[in-house]
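Consider the two complexes below, in which subunit A is the common component and subunit B and subunit C are the respective partners.
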Partner chain A sequence: MTAAFVAGAEGPPEVSLKRRLKRAERARQFKALALVLPLLVFLLFTFLGPIAGMLWRSVDDWEVPQVLPHTVSALANWDGKDLPDEKAYAALAADIQSARAAGTVAIAAKRLNYSVNGFRTILTSTARNLKTAPEPGTAKDTLIKINPAWGERSSWAAIKGASGPVTSFYLLASLDLTRNVDGQVVAAPEDQSIYRDVFARTFTISFGVTALCLLLGFPVAYLLANLPAGRSNLLLIFVLLPFWTSLLVRTCAWIVILQSEGIVNDSLRWLGVIDEPLRLIYNRFGVYVAMTHVLLPFMILPLYSVMKSISPAYMRAAASLGAPPVTAFLRIYLPQTLPGIGAGGLLVFILALGYYITPALVGGAGDQMISYFIAFYTTETVNWGLASALGAVLLLATLVLAVVYGKLVHGQQTTGGMKN
Partner chain B sequence: MDGGMVASTQALVRFVGVQKTYDGEHLVVKNLDLDIRKGEFLTLLGPSGSGKTTTLMMLAGFEVPTHGEIFLADRPIKNMPPHKRDIGMVFQNYALFPHLTIEENVAFPLTVRKTPKAEIKDRVQAALRMIKLENLAHRRPGQLSGGQQQRVALARALVFNPQLVLMDEPLGALDKRLREHMQLEIKHLHETMGITVVYVTHDQSEALTMSDRIAVFNDGIVQQIDRPDALYERPVNSFVANFIGENNVLHGSVENIEQGYCRVALAAGGSVVAQAVNVAGSGAATALSIRPERISILMDGEATDSPNRLPATVQDTIYLGDHALAILQVAGNGEFMVKLPPGAHAALGHGQAVSITFRPEDCRALDPV
Partner chain C sequence: MSENHAPRTPGQRAAWLSTVVVASLVLVFLMAPILAIMPLSFSSGAYLTYPLPGVSFRWYEDFLNSPRWMLSLKNSIIIGVASTALSMVLGTLAALGLAQWKSKFKTVVLAVVLSPVVVPGVITAVGLYFFFAPLGLTGSYAGLILAHTALATPFVVITVSATLQGFDMNLARASASLGASPLYTFWRVILPLILPGLASGALFAFATSFDEVVVVLFMAGPEQRTLPREMFSGIRENISPTITAVAVILTTISVMLLATLEWLRRRNEKLQGNVNG
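Entry: the complex of A and B
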C-alpha cells in the first residue's frame, strides 16, 4: 500500500493525479447525466421547446414578407418621409395580383390590420379591383384611384413596419405602446390601452391572494408543526384534501356557495342579517375567495416543513433568556420561518399569476387576469403574436421575481446550530 | 473540599413537597423537598426517567408542578412565566439562534432587557473574551464546532448575570476529550463568578468532577444528596452505592446488630461484619456494599487482623495502566472486583484459589435489592 503510494507520487506527479481525478469524475458525471437524460429530453420537447417557440412567435413577422415579397424589397431603402416611388407601387401591384392568384391576400391583410385598423378592407378591395397589371409607369395612379389610402404615408409605413423578419410590434402592443408613422415608440391610443391595466390587475390579485394565504396559512402551519404526530397527520389530510378534487369542481363549489341563491346568502337572509342578497361572486371578492382557497395548501406545506424543523428549544431558550412570548416569536421564531414564507409566497404568487379558470368562472369582466387574454388571443382571434408577447412579458416578470427572491434568500444564511 | 468555594447555607431555591405527573396516574417526581444553596454547584444525577430533567424544567418554568411550591429567593415561582424568572439556561443542544451571529446571540438577553447599547457592547465583548471567542463574533452558530457552540451557549446564559444558571446535560453531544476540558472550564467559571449552578447529567464522573453537592435521583425520588466524596464513601442505600462508582454486592441476612455494626450471614455461606447503615433489624435481608479498592487479596494463608475473610477464585485479571483489576468469584458473586496496584495481577492466574479481606468499616450493609 505504502509502496504503491510512493511510486505514484514519484511519477509525473501532479498531471497524472489530476488526470486520474478527472477520469474518475467523468465516469461519475456520465452516470449522473444518464440518470437525468430521459427527463431532460422530455422537458426539452414539452417545456423548453414550446417556451422558445412562444418567445420566437412574439417577435416573428413572416406574413407580409411572404405575401408581398417584392414590395418589401422595394421598400427596403424607403426613408419614409415621402410617398414611395413608382417602383414600389408597381411591386405592390404585382404582389397583390400574385397573392390573389395564390389566395394569400387575407394572411397579409390580417397582419396589417393589427397595425392599422381597416387595412384589411384596403388590401382586399385593392385586390378585388386590380383586374389587370397596370401599364408601366401608371401603377401609382392606378392604385390611388382604386383606394386613396395608397396615397397616404401611413399605409406604406404599416407595410414597411410589418416587413419582418422580426418585429417589436407585439411586445410593444402588450405594454400598450405602438410606433407612429415616423417609427417612434409612443403610447397606444387610449381605447386600445388595456394591457398595463390587466398586468397591474394580475399582480394585484396575485399579491392579494398571496397575502391572504399567508395570513390564513401561517397559524395552521404553526398548529400542524406543533401538534403531536397523530393529530397533525389527521389535520394534514384535511389540508391535502383539496388536491384530490379537481380545480374545476372546487371552483364550481364556490359558485354554489356564493351565488345570490347560494348557501351564504340564504343563511344570512334566514338569520335576518340582510334583506337583499349580497353580491359575493362574479366580482373581485369571489376571485379572492376562490383563489385563496385553491392555493392555500401551497402556502401551508412549505411553511409546515420549515416550522417542523424549528426546534421548540429555541423558544424555550428565548424565554429563559428573558424574552416575553411576543418578543420571542418576533425575534426568534418568525425570522426562522422566513425561508418557508418566501418559498410559499413565491409559489402561490407565481401560480396565481397564471390563473385562468378560477377568475374566468367566478370573476366579472373587470377581474380577468392576463391568462384570460392570452387564451382569448390564441383560441378566439388566433393572434399568436400578441398572445406570445403577453406570455413573454409575464414570463419575464415572473423570472425577475424569482431572481429577486433567490438573491434575498441567498443573502441570509439559515443553517442551524441544532444537530437534531 | 467544597470545590474551593464555600457555599453559604442560605437557600436560593427551595422545592417544597413538589410533585409532577404528566398522565395523572404516574408521578414523575414524588414529593420533592430540595434546598439549593446560594453559590453552590448542585448536580442532579440519575438515570433517564428518574425525574431530574423534569425537576430542572419545573425550576426553569417550562413545566408546572402538579403539587407543591418552588421558592426562588423566597418568592414563590410556581406560576411565574419563564422569562420573568431571571434564570439562565444552557440547553442540551445549545439552542443557539441559527439566524443570529454569535455576537447577537450573546447580546440577546441584554437586548430583550432593553440594556443601553454601549453597555451591551461592553458586556458582550467581556463575555466573548471570557470564552475566548472574540474573533468569531460575526460568525453564525452553524459555522462553529460543537465545543465553540457550547461555550457561546454558556456565555449567553451568563451575560445577564442571572441569579441562577441551569444546565441540562450541556456536554452530552461532545466527544470525551472536549467534554473533560469543558467540565473544568465550567467549574472554573462557577468558581470565579460565584454563580449558583444547577446541573443535570446522567454521567456520574461528570457529576463527581464538577459538583459541590450531588442529588442522586431515581424513580422520582432524591435518593441521597451530599458532597461527591460522601456519596462515594458513604452511600445510604444500594441504588446510590451501585450508581456512583464501582461496587461489589454480597447478599445475606442480618444475624445481630451491635453498636452500629452487624454480623451478616451470606446467602452462599460464611459470615462477615459490616457497618449497619440501612438494615431493618435482626433477620432482615441485606445487600453488602464494598468498594473494589477497599479489598485486599491474601495469598497462601497470609494473616489478616480483620474479622472478614472470604475464600475466592480468580476468574480474570485486567490490566488498566495505572492499576489492575482482578475479577473474582466470591460467595456466589462471579463479578466481584478487586483493585490492585499495577503489576500485582501478574501473580494471579485463572482458577487460582485465594482469600479476600476487608475492614468492617469499609463494608456497608444496605437495603436489599
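Entry: the complex of A and C
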C-alpha cells in the first residue's frame, strides 16, 4: 500500500487522489489475479480439460461420418419414409470398399452395433462379399442380394441416426432410452435396460449409508459435544484416526473381520451361536458396513461442530418451563442440530454416490454402483461414449448436490453469529 | 460443559447413560478394523485367524524383501513428494492471490479450484485417461504426478487460506512502510508466520496422493504401481498376511501425520496468538 502511495505521489499532480487510489487498487487486484492464474491454467490442463473432454465424448459421433462419409452426405436429405434412392446405395458401396481397403470397417460396425444389435455382422459380411464395385444403377440390387438387411428401412435409419456430428444416443442409453425407426424417444429393449436399475441402486445404497451414518454418528457427536474438553479431545482421536487411515487398509480390515473364516464368524462359531459361517461380505451387507465405516467421520465432524455451538441454556429453559426431557429434546435440541444434519448428510451422500473402490472389493456382482460401470465401459469393453454418458449423469447429480451443500454451509457461516 | 449434564432426574440419568453406551459402541466400531488387523500382522502363521499360533516379524520381512512391494513404496514416495511440491507452489500462490482478490467472480474461481475434491474419483480418472493417453502421459510418472497435484492442491488452498485469515496484514504493511520490498516482506515476515499452515497443507497434499488409488488404477503402467494400487490387487486376489503388515505400516504413517498436524495446529495457534496479543 505504502509503495503504491509513493508511486502515486510521483505521478502528474493534476490526477486526483481518488483516481490514483483507484489505479493502485486496480494494480493490486491485477497482481492478485496473476497469483491465482498459474493454478487455474494448471487445472485447465489436468482437470477441467479432461472433464470437458469426457463430456464431449458422451455426445461425439465421429465413427460413421469418418468411415462412411459419402453415405452420410447421400442420406442428408433422406426423409426416412421409404428406402433411400440408388445414389445412397452406390455411396454406401463405394464407402464400404474404401473402408475395407483402409481397414476401418470395424470402427463403424462397432458404433452401428450399439444402435442395432447385429449390425456388425451386416456390415462386415457386406464388406467381405462386395468384391467389386457394382455396375452403375445396380448398387441397390447388389447390396440387398448380399444382405437383405439393406432392404430394411431400419438399417438405413441406424446409419442416418449415427451420422453425427453429435448424438443423443449415449445419453439416452444411459437412461435406458433409445430412438425408434421414426426418431422418437422410446424405452430401450428390456435386455439393454440396466442403467435405471444401477442408478436406483446407487441412490439406494448412498441413502442407506447416509441414514446409517446419521443414526450412528448422532450419539457420538452428542457425547463429544457434551463431555469436558480434555476427554472429548481424547475420544475425537477415535474418530480422526480411522478418518486418516488409508481407505484400502480399512476395506482390507473389514474383509479380514467379516469373511467366512473371519473374526466375527469364528467367534460366533466358538460361542456356539452358529454352525455354518454367515455370509457377511461380498454382498450388500458388507457394502453397507464398509461404506458406513469409511464415511462416518464425515457425518460426525460437522454434527459435532454444530452441537458444540448449541447453548445448554435452551434445554435448561425448556426443562424449567416444564417440558419433559423427550419433548425438550425433540422440540428444542433437535431443530438446532438440523444445519449439522443437513451438512453432514449431504456430504456423506455426495461422497457415497461416487464410490468405486469399496463396493468393488467388498460387494457382489449385484452391489456394484454406477462408478463401477463407468470404469467397466472405459477399460473392459471400450465403449467410451456410454462410459462418458454415465459419467455425465453422475457428474450432474454430484454437482447439483454440491451446489446445495455450498449454499447450506455458506448460509450457516453468515447466520452463525446471529444465533449465539 | 459437563456440569450441564449432571443428571438430575432418573430419566435424564438413563438417557445420558444410554448415549454413552451407544456412542462407545460406535467408537469401538470405528476403531475395530484397525485394532483387529494389527495383531494379525505379527502372526507366525499364514492364516488370518485368532488365536495367533505365535508372534513373528516374518510378514514385515516379507514386505521388505519383496521387490514388488518395494517398487510400489518407492513409487508412492516419488509421486507423493513430487505432487506435494508442485501443489504447494500452485496452491500457496493461489491462496495468497485469493486473499487479496476482490471480485464477484471469486466464488466461481474458488468453486473451480476446490472442485477436484467434490467430483467422483472415477470421473476424474476416466477424463484424465482419455485426455492424457494421446499425449503419452498414461503409464508415466509425469502423468500421475500431474493428476495427483490436481487432486491435492484444493487441500493446500484451503489450509493456507485458513492460515492467511488469521494473519495480521498490518505486519506486512509495517514491513513495507519500513522500506522492505514485497518479496523481502514475504520472505522475512509473512512466510515465517504462515509456515505451520504451509506444513499442514503439505501433509494434507502428501496424504491425498499417498492414499489415492482410482486415478492410479486407470493411468499407471506396471512400472508406476503405488502402494495402494498393489494393495488393491492383493485384496482382489487373496489377502496374505503381508498385506496386513503393509496395512499396519500405512496406519502408523497416518498416526504420525495426524500427530504432526495436531502439533502444527497448536503451534500455529500459539504463534498467531502471540502476534495478535
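Just so it is clear, the second predicted complex is superposed on the first by the 350 of 420 C-alpha atoms of A that agree within 3 Å, B and C clash if a C-alpha of one lies under 4 Å from a C-alpha of the other, contacts with A are read in each partner's own complex, and residues count from 1 in each chain.
Simple rule for what comes next: contacts are C-beta pairs under 8 Å (C-beta built on N, C-alpha and C of every residue); 3 or more make two chains touch, one makes a residue touch a chain.
Keep in mind that this is a model prediction, so the values were computed, not measured.
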* After lining up the shared chain so the two structures overlap, which partner does A:Leu39 touch, if you call subunit B first and subunit C second: first, second, both or neither? -> second
* Partner chain(s) touched by A:Ile332 [first = subunit B, second = subunit C, both, neither] -> first
* Have a look at where A:Val249 lands relative to subunit B and subunit C in the superposition and call it first, second, both or neither. => second
* Asked: Just subunit B (first), just subunit C (second), both, or neither: which does A:Tyr356 touch?
  -> second
* To do: Name the contact category of A:Arg316: first (subunit B only), second (subunit C only), both, or neither.
  => both
* Which partner reaches more residues of subunit A, subunit B or subunit C? -> C
* Look at A:Arg23 in the shared chain and tell me whether it touches subunit B only, subunit C only, both, or neither; answer first, second, both or neither. => neither
* Across the two complexes, find the residues of subunit A that touch subunit B and also touch subunit C. => 316, 324-325
* Which of the residues in subunit A end up touching subunit B in this complex? -> 311, 313-314, 316-325, 327-328, 331-332, 335-336, 338, 412-420
* Asked: Which of the residues in subunit A come into contact with subunit C in the complex?
  -> 1-3, 28-29, 31-40, 42-43, 45-51, 53-54, 57, 216-217, 219-220, 222-228, 235, 237-242, 244-257, 261-263, 266, 293, 296-297, 312, 315-316, 324-325, 350, 353-357, 361, 371, 374-375, 378-379, 384, 387-388, 391, 394-395, 398-399, 402, 406
* Touch list for subunit B against partner subunit A, complex -> 60-62, 81-89, 91-99, 108-109, 112-113, 140-142, 144, 146, 149, 156-157, 160, 166, 173
* Can you name the residues of subunit C that touch subunit A in the complex? -> 1-2, 4-5, 9, 11-12, 15, 19-20, 22-23, 26-27, 29-34, 36-37, 40, 47-50, 90-91, 93-94, 96-103, 109, 111-113, 115-116, 118-132, 146-147, 149-150, 153, 157, 173, 176-177, 182, 207, 210-211, 213-214, 217-218, 228, 231-232, 235-236, 239, 243-244, 247, 250-251, 254-255, 257-258
